[in-house]
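Two complexes, one shared chain (subunit A), two partners (subunit B, subunit C).
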Partner chain A sequence: MEEKSVEKVEKIIEIEKLKVETKDKVILDEVDLNIFKNSVNTIVGPSGSGKSTLLKSLNRLLDMDTSMDVSGDVLFEKRNIRDFDPVELRREIGLVFQKPNPFPMSIYDNVAFGLRIQGKKLKKEDMDKMINQALGDADLYEELEGKLKQSGTSLSGGQQQRLCIARALVLRPKVLMFDEPTSALDPIAKGKIVDLIRALKQKYTVILVTHDMNLTRRISDYTNLIYDGKFVAKGTGSEFFESEIEEVRTFLEEAD
Partner chain B sequence: MRVTNSYVGKQEELKWKKVSTRKIKDKIANGLSYVVLGAMIAILASIFIYILNAGASHVTWKMLSTYGNTSSGGVLNAIVGTWMLVGMGLLFSIPPSLLGALYIVNAKSNGTISMAARLFTDVLTSVPSIVIGLFAYLVLVIKFGMGLSLVAGGLALSVMMLPYLLRIIEISFRNIPKEQIENAYALGADDIRVASRVYLPQAKVGILSGILLAVSISAGETAQLIYSAGFNNALPTGFLHSEVAYLTYVVWTGINEPTAYSHYVAFASAMILILSVTGLIIISKYIVRRK
Partner chain C sequence: MKASNRVFNFFTFLMAIVPAVVLISIIVFVLYYSIPSIRYNSWSFFTTYLWNPGFQFQAPIMKHGVLAPAGSAFGLDLFLIGTLSTSALAILIAFPVSFLISLNVELYLPSKIKKVMISMIELFAGIPSVVYGLWGIVVLEPLLFRNVEPWMAQHLTFIPGFGGEIYSGAGLIASGIILSFMIIPIVTSIIVNSFDTVPMDVKDGLFSLGATKWEVGKYLMTSYSRASTVGGTLLGLGRALGETMAVLMVSGAVTNILPHNFYSAINTMAAAIASLLDSAFTDSTGMNLAALAELAIVLMLISLTVSLIGRKIAGRGVLRGYESD
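Right after this comes the complex of A and B.
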């Protein structure tokens, strides 16, 4: 079933024999994976299977951890990520974490954080425009209009998570990665994030890590199952769920 | 049925006994804590009252606004000198403490170096101040030719301030959620931006309380300053080769002199020192609580 239906879709990231290991454990074992442009690319798998490590290796956040040894290649738009300045790469490949964690500053400053750290002097009007655009893309603008001076930490969990999404979107990344974005949220907040991710794929490439199979069923275009650091199944949404591969069946049964 | 009842009864009795023993133990522990707390307050209060009694009535504006020797002059030189030395100590200890703490908390740092830095600062906390003074005398005053001076005194104080500052700043940095640091990196921040935009603003209360603690500890130091700052009946005229006065020295020498005025000066100096340090501690507690 491997990628037979996706040959014509443009690949934005190509992972080749990526291996991540510590002194005593192999976390990702020479994995190969393609990430397709303007699609929701989902990585599912049990806890500890290497999903989050994979995300962090794509924007080189793993460089921060000296205990991890990384080998193999990741090509972003045909260029090896090792040839990028990590700071530049992280602006191109945004990451939204599992737990909403706005900085203890105003909503405006939270969204402006990424722009300000670039050191570029933006005019106030341009900055405001970009922030409003990002808040709009994260479906927050209407809810928070006129309240941008309020602290980001005073928002509800769901709003905080969308604020974190806006904070990543303001940098206009090409790829946006979500690490279990709904696991800390209530069903209503979760529903909004799901709708948002679905809308975001029009403009961005989405990589979604989750073990929520309902969420995967609803929004995933390409689903990849990782087990003990290896991909055991890859396919488009329907192919994946109909797959007869033993690990897929077991995982789906356990997840349900 | 009877068996069950008697079993339940025994269980109830045992439970009651356990609860009552626990309550008695709790009362004893509470009582002991109050006794210890009361003793500590009594000791501290008696020192306060004694010094205030002995010093307060003799403090005059002239004593605070003039300088000279302890048998006839004021203590302006010692008040100014103390804060100049403390300020100099902070100048030399804050930058390395901040950089050291940033290094230790940075995930990319070499673990062995971080561990060595922590061990080194822990050891430094327990080095007697007279040893630091002697070291400052031999190295700074003699070897580097600074003479007994503000810079040598400030450096000697900074050696003592450094471990406290480093440890408190490190703890303040570690209190920042790890996810926020990761998030800042994920948004494209480099190490310098993460330090200036995340670590420093979020740890500022901790850093400030660390500074106030270091100030209050170092303002009461004498031993290392005797060997590094000397003493001066006037204000220092420069950073090097010009001795500096400080309040603890006035307390020490004033009380050993035979005139009543010298004793007043000593108690007045002790009072100024205690009140300013208490003030600083109260301010730092207030700042931390406000957070």
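Right after this comes the complex of A and C.
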């Protein structure tokens, strides 16, 4: 299906012929994909289809893994990500993982971590302001007010995940990527993350990797199905679910 | 139960208690041998640095109910200073080097080379200490004596102890360097192991927040791997404290002269026991041997304590790594 209906929306990331392979396996096979600004861009697909690898190649976390060979281009705001300092790029494109991974330190320090390593000398009150703002954006401020000295690992799973979101938000990224953010959470915690992602797209561009089709139905603006390292279908929310493409029908049936 | 089974059970039990029996008997015998020295020297063993075997050809004297060569006196201070200072220098060198190697192995090297590096580091631990000692005498000492120490004595005089006369290259610096080579493999493999137990999620999380490799390493070392790093360093220290042969060869093995700068010849407790043992057997009163036994007891206490603490801390660190997963 073509992307006629989405051409007016601004693209923030353009992926062109991105290929990721190891010695004995092609993980992403020359994929093309556009990520649209202030939208929830969802990538769905069975496990092992290359979804997480795609996310890690966007913030160049894949550079860490020397067994992976990456070719093709990714443009972030029209500039090739290879021309970015990876450290700078990762601050622009935040990543939230499947399993909440707060650092073993206080809630405050968890959120402050990214700011501190930037080496900026922030005044205490500016720092506090940014941290409270990030906690607010992650819908945690009210729950945790006055408890910021508590350890980040003592929180519930859902709170930990929102803490990880706050930790990414404090760096004011332009894009926020979520790798299966709800799969390790209970339904209530999951609901909160869903609401949060919906709210976040006002300010940020969201890339969501999931195999949860319910979640996709509820919040996705653009849905892309990846199969064996290739995109087989792309479309806006309703277009995607009505698509007649065989892989989409099979995937939807299997998912339900 | 069949007779053969009973015999087998008995032998496995016997073998199982061998290590405990050996350890206890060693402690008992060394303690027993040191009794005359404990009585003869009393507290002066810990308060003086002079180690005088006495006159073998004069009539022995009787003091505190034990016989000793006339004029003999035994104090461990010189050896204790040597042991502590060489070990401290070794740790000072080994710790940052081990940290940098671990960081490099963990975050910079491709996984294939990483494996080769780790097995190479472990191989280093297997080099006999006498080989290190030989290398120390042939290569390190001349290098220190001709090139390094003259430069230090000229340019680093603002640091207390770095000015003054240079002797032969043998001494504290050479011993510290050799010892650091011997403990780097221990400290490094413990730090690398502890880095490996940090969940991948956490490392990726740090990188995704824009941390550099250096920042990630620094952070991991001060949080997840803190216990293992401290424990590993203590285990290394335990090894350094008791290391004998290599130090004996490069320390200058001095007695009765306190070091007065960093280039002075020194001696350690372990090296002193090895080097003075031969002549101690010529003492018919047995006091020289008893004094060395007392020295051995003190050395054993110090290094066992350090190793135990290290093991305990390192062990806890490893457990904590799993818990956080």
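Criterion: the second predicted complex is superposed on the first by the 256 of 256 C-alpha atoms of A that agree within 3 Å, B and C clash if a C-alpha of one lies under 4 Å from a C-alpha of the other, contacts with A are read in each partner's own complex, and residues count from 1 in each chain.
Throughout what follows, a contact is a pair of C-beta atoms (placed from the backbone, for glycine too) under 8 Å apart; a residue touches a chain by one contact, two chains touch by 3 or more.
This one's a predicted model, so the numbers in the text were calculated from it and none came from an experiment.
Superimposing the complexes on subunit A yields a three-chain arrangement in which subunit B and subunit C clash. When the two structures are aligned on the shared chain, A:K99 is found in touch with subunit B and with subunit C. In the superposed model, A:I188 makes contact with neither subunit B nor subunit C. Among 3-11, 21-29 or 39-47, the region of subunit B with C-alpha atoms clashing against subunit C is 39-47. Note: residues 59, 61, 64, 66, 87-88, 90-91, 94-95, 97, 99, 101, 103-105, 113-114, 117-118, 164, 167-168, 171 of subunit A belong to the subunit B contact set and to the subunit C contact set alike, using the contact criterion stated above.
For subunit A in complex with subunit C, the residues that touch the partner chain are 56, 59, 61, 64, 66-67, 87-88, 90-91, 94-95, 97, 99, 101, 103-105, 113-114, 117-118, 153, 164, 167-168, 171. Only residues 107, 110-111, 199, 201-202, 204-212, 215, 219, 223-224, 324 of subunit C touch subunit A when the two sit together in their complex. Within the complex formed with subunit A, the subunit B residues making contact are 107-111, 177, 179-180, 182-190, 193, 197-198, 201-202.
The touching residues of subunit A, counted against subunit B in their complex, run 59, 61, 63-66, 87-88, 90-91, 94-95, 97, 99, 101, 103-105, 113-114, 116-118, 164, 167-168, 171.
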